[in-house]
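Chain lettering (A, B, C and D) follows the sequence in which the chains are written, and residue indices restart at 1 in each chain.
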Amino acid sequence: MQVVNTRIPVALLGATGLVGQRLVAALEGHPNFALSCVAASARSVGRPYGEAVHWRLPGAIPTAAAKLVVEPCDPAHVKARLVFSAIDAEVAYDTEAGFAAAGRVVVSNARSHRMAPDVPLLIPEINATHLELIEQQRSTRGWGGFIVTNPNCSTIGLCLALAPLQASVGIESVIVTTLQAISGAGYPGVSAMDLLDNVVPFVPGEEAKIESEPKKIFGHISASGVASCALEISSQTHRVPVMDGHLLAISLRTRERISPQRARRLFEEYRAPGEIVALPSSPERLFRVASAEDRPQPRLDRNAGHGMTVTVGRLRSCPVLDLRFEALSHNTVRGAAGGTLLIAELLAARGLLP
Amino acid sequence: MQVVNTRIPVALLGATGLVGQRLVAALEGHPNFALSCVAASARSVGRPYGEAVHWRLPGAIPTAAAKLVVEPCDPAHVKARLVFSAIDAEVAYDTEAGFAAAGRVVVSNARSHRMAPDVPLLIPEINATHLELIEQQRSTRGWGGFIVTNPNCSTIGLCLALAPLQASVGIESVIVTTLQAISGAGYPGVSAMDLLDNVVPFVPGEEAKIESEPKKIFGHISASGVASCALEISSQTHRVPVMDGHLLAISLRTRERISPQRARRLFEEYRAPGEIVALPSSPERLFRVASAEDRPQPRLDRNAGHGMTVTVGRLRSCPVLDLRFEALSHNTVRGAAGGTLLIAELLAARGLLP
Amino acid sequence: MQVVNTRIPVALLGATGLVGQRLVAALEGHPNFALSCVAASARSVGRPYGEAVHWRLPGAIPTAAAKLVVEPCDPAHVKARLVFSAIDAEVAYDTEAGFAAAGRVVVSNARSHRMAPDVPLLIPEINATHLELIEQQRSTRGWGGFIVTNPNCSTIGLCLALAPLQASVGIESVIVTTLQAISGAGYPGVSAMDLLDNVVPFVPGEEAKIESEPKKIFGHISASGVASCALEISSQTHRVPVMDGHLLAISLRTRERISPQRARRLFEEYRAPGEIVALPSSPERLFRVASAEDRPQPRLDRNAGHGMTVTVGRLRSCPVLDLRFEALSHNTVRGAAGGTLLIAELLAARGLLP
Amino acid sequence: MQVVNTRIPVALLGATGLVGQRLVAALEGHPNFALSCVAASARSVGRPYGEAVHWRLPGAIPTAAAKLVVEPCDPAHVKARLVFSAIDAEVAYDTEAGFAAAGRVVVSNARSHRMAPDVPLLIPEINATHLELIEQQRSTRGWGGFIVTNPNCSTIGLCLALAPLQASVGIESVIVTTLQAISGAGYPGVSAMDLLDNVVPFVPGEEAKIESEPKKIFGHISASGVASCALEISSQTHRVPVMDGHLLAISLRTRERISPQRARRLFEEYRAPGEIVALPSSPERLFRVASAEDRPQPRLDRNAGHGMTVTVGRLRSCPVLDLRFEALSHNTVRGAAGGTLLIAELLAARGLLP
């Protein structure tokens, strides 16, 4: 079909993991991108993707992807100019740098490069201006390509839920308790013994990310990279027996005391920049305000806007800080595969792909 | 057996409900109390308890209790001087008042009388001094008996977790997010459809109790009843698929900034008053400090101290307030049946039973 | 839009229940049918559907349906000629008969009329010939309309899984153990306390249906209605904590001993009659044979063919009977809403709608 | 205390695994045995057990056990004459043989030696006579010690549920569908992603054991070991999200057609041999017949008889074979740790310990 020829070829590093699988599924039928190469660790190399992967998503493996032979995560074997990385943080640092050095554009889910001052940590609706860092990154590092990173899945939900408030009244401090889905831990990930008749008050590594990444995302570009914004965050993370959808219980203090009514209006009236709304993975509405007093709920609300919409609810005054509410976002769509696609779509729209 | 003859006969109102069942189970083999009468709503009256109850606890119904014929919740049919009430709040107000007027001592789990200024809302380790209200209550109301109330199950866990800090350094404000077990909603209670692959960010009626009851419990006796203490609490409640055990994620501000190390010592060195420790239902240690970074967990920790111990963990500085930590308590033992027994044991020890 | 004008108006009785909700969702955008009327019990009558229903499906209520005002389940208020019934069995008998008497075509999910000898109990792929009963039904009862019934959700999965074997080699006896999803019990349905860390070896009323309905479905038309086929079925039913998807562990004896290999080919080579395949709700393939040894699994396989495909797996010889295997079908799609639509589509295709 | 001095020292191989943990817990306070040595793989050797183990059971690690230093699984380091083995099957064959050759009595949970014709596969209530094999085993192999094995956890529940019927009327064939708890897979074992909103129709390796082990257990001693009994078994296994307790849906054909009433009496009137009843781990009653139509249920019934009682229910005629019913047994107590203890207690009672 003609259309296919015009789609941009994309390679996927770490294609056999759970985020990789979500990306494979999301790329099926994508209007701009065509999955042309899957790469993974040595164990899978040389096998057809359909055999190498232990597919954990409902539905069958996309037929075309199933036939791709798995390549090593090496620019010599991976020809595409646009590369999505879903590889483990342990190996991501060097591997992704290698691809960028080899002239490729890397959109990464790994945490390895997220906090580097010259690497955009991007949520397109919030800090598309941080793409200015790319020039700085390339010139400093002498790379032909560059790296853009997708934040942690909890960070994304939190920052989106804070964005309209931050833009209008400014936020001083946030206390957030997370109830996080198991898909965030990959497969096999969490043992069934740990989450049957149980919740676990700790998600390894998560709290440090939730407390630091938003400061960069809401930060401003300066000569030396991104300057962190002043925003104090305290998080207590929990793993709960939910497949997908991170729920956040948020209390916050704003610079000018905000009423729940005004906060509600900010969410309802929010419109993403036209440039973002035009992207294929952008939801029609970034926010949905639940009216029922027992919502948002992961099972019922996570797929709003094809998993790209954030649902907020229970907006009330907080007797200790100013405002409290609940926010839900889909951790493997908005928080991983969908967020990655949205970034790549923005790069394409801005003509930043080679 | 001789021992039995010296045990105090106890009647149980609302014996067929879930808290009632827990009390029936807890009274089996109790050294001080003997269950002599079970009462419930009209539907069950006249049937043997073993047939009237839809027993939902592991293990069989205690044999002696199973044979008791269910009586109506009326002092004319219920002879015991000591009465445990596990009836619904809708009918509890008048029914319990009727028993107190008829000279009975009522220890109640219902919320109806909890906030009355002359009714003790009692956690024996914290505010046993509030028993002084009994005289005030009897003289004001002209009752031969009196009512003492057991707080809400989440309130109990929260107040116990706050108690050593409140006593030593004083607490100004608390933000608490709850992850609550389903047994708190009774049977059938929550639909399985609401908690499979899901959590619900709302427990009806719970937040108002959590935010008001602690002010009374930590309050001081005055001429006109209990004077609320100054303590600002914000709660966001969640129902999670856990059978028993309410987990609380707590952040708080103390009057003098407290370090996690000092807080930990306060929990470790806490000893309940000797009078309380001597009661049969009192745990050996009121607090256990979990050392693993992923504890407390409901399934693994709820039964500490036969369900009467509170487990705390993850004591850390809070970048927004002062201190944050997790606390777990068994909602139907410490938070209901066990708490009720402990109150009654204290009344017996102080010679307050008729 | 022009297309809408040509769609057949459909009324839905019992629109607020869970099967009703599934039908409302399934009718959105249906090429042949347009939901023109929702009816329910007195409690909901007069309110907009969007307010009367406690919507339990992911996603929002279809906008057009949400605005419909709920009517009483009475032909005087419900004008559509085609009526889907998802009402409780207690009231279905008289209500549905009243609609048929009033000249309407009723496609029912209730059990009330299923076993009447002149009422088709229909699985279009299996016994479309039973539509011949309609004439018999109308003349015997003097009805202007008629009733066609959709079988029990477990029956549908079982009969479909047996159909290719029954057609080729004949089945003598079946032992089936079910692991059934909670959505089959409606909302609130099963208590969360019954299915957390638990399974229940009993689904009320289900075993009698599973053991009797297939005999009628596989039966032949005779002068006096349907003659049951000789097929002995034993079922042991279980409720398990799965949202959707009934899993069946089947052992059976065939008239001519069948090998697993031949059984597999029968499933793989099965093609539904062209008349059925052409219907909008018919899946591309009725059967999918899972190759992994741990499939079918409800979460991963229930949505095959948009929930209309039956997945079979683990085809093996049975050392006691002949053949054993696992079959999975979506209980609220194929087993309820989708099955109902398929029947109505067949009626439309055959020109049996008034 | 005097009593302690007379307890028999026991070593435990594989002490850090889940069955090992259950054995450590069960041995605390055991009247006959005292845990004197824990052994495990190289990773744990040299560390105190309390640090080496990732304790997954509710409650704390028994204090005395926590202080034991982990030894290698080698008779040179493990001095006790009585050895419980909970090690993985991969290494169990040689390790256990090594201990037996070194004069030790090994009671094993591993499958390695179970089917050897001269090794007792023991369920004390059923085939205590198989202990005669010990002499044969020792003389054939030239061992100073010997091995006795505990059957697979599902086998134990099945054989116990069949035993009274087999003894009275003889069983020809059995079709059993299992719903098995996750604790049977150890820790971390099953991924939470596989059992949230899901069941898995396959337990690796289980079906072969369920279909073969009972033939040996019900077999008779002959000159050449155990002669298998004629008993055809077909099993379909399922993993379900239950912590403990394997539920079995059983249909069977007896040699003389048995009524459900008679079967019920056989269970109710069953009394284990006096020699077995006298053992400390023997339950008061081996069987409990549930009267409610929705029992046995894992959560409510698994702990009957401290986890050593088998609960049966739903006894009904089977229209295909003769009799069908449900049976539940605790897989890690009766099916593992408790079964192992019972065997060792029998060996002690018979004077078979060195």
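Everything below uses one rule, namely that a contact is a pair of C-beta atoms (placed from the backbone, for glycine too) under 8 Å apart; a residue touches a chain by one contact, two chains touch by 3 or more.
Predicted model, so just to flag it, every value in this text is computed and none were measured.
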Required steps from chain B to chain C (each step between touching chains, minimum): 1
A-C or A-B, whichever has more C-beta pairs in contact: A-B
Chain whose mean Cα position lies farthest from chain D: A
Centre-to-centre distance between chain B and chain A (centres being mean Cα positions), rounded to whole Å: 43
Rounded Å distance, chain A centre to chain D centre (Cα mean): 48
Distance between chain centroids, defined by C-alpha means - chain A, chain C (Å): 40
Junction residues of chain C - those touching two or more other chains: 56, 194, 196-197, 241-243, 299-300
Of all residues in chain B, those that touch chain D in their complex: 56-59, 196-197, 243, 299-304
Residues of chain B defined as touching chain A within the complex: 173-175, 177, 179, 194, 196-202, 211, 232-234, 236, 238, 240-243, 247, 249, 251, 253, 293-300, 313-314, 318-321, 324, 326
Complex contacts: residues of chain D adjacent to chain A: 56, 182-183, 187-197, 241-243
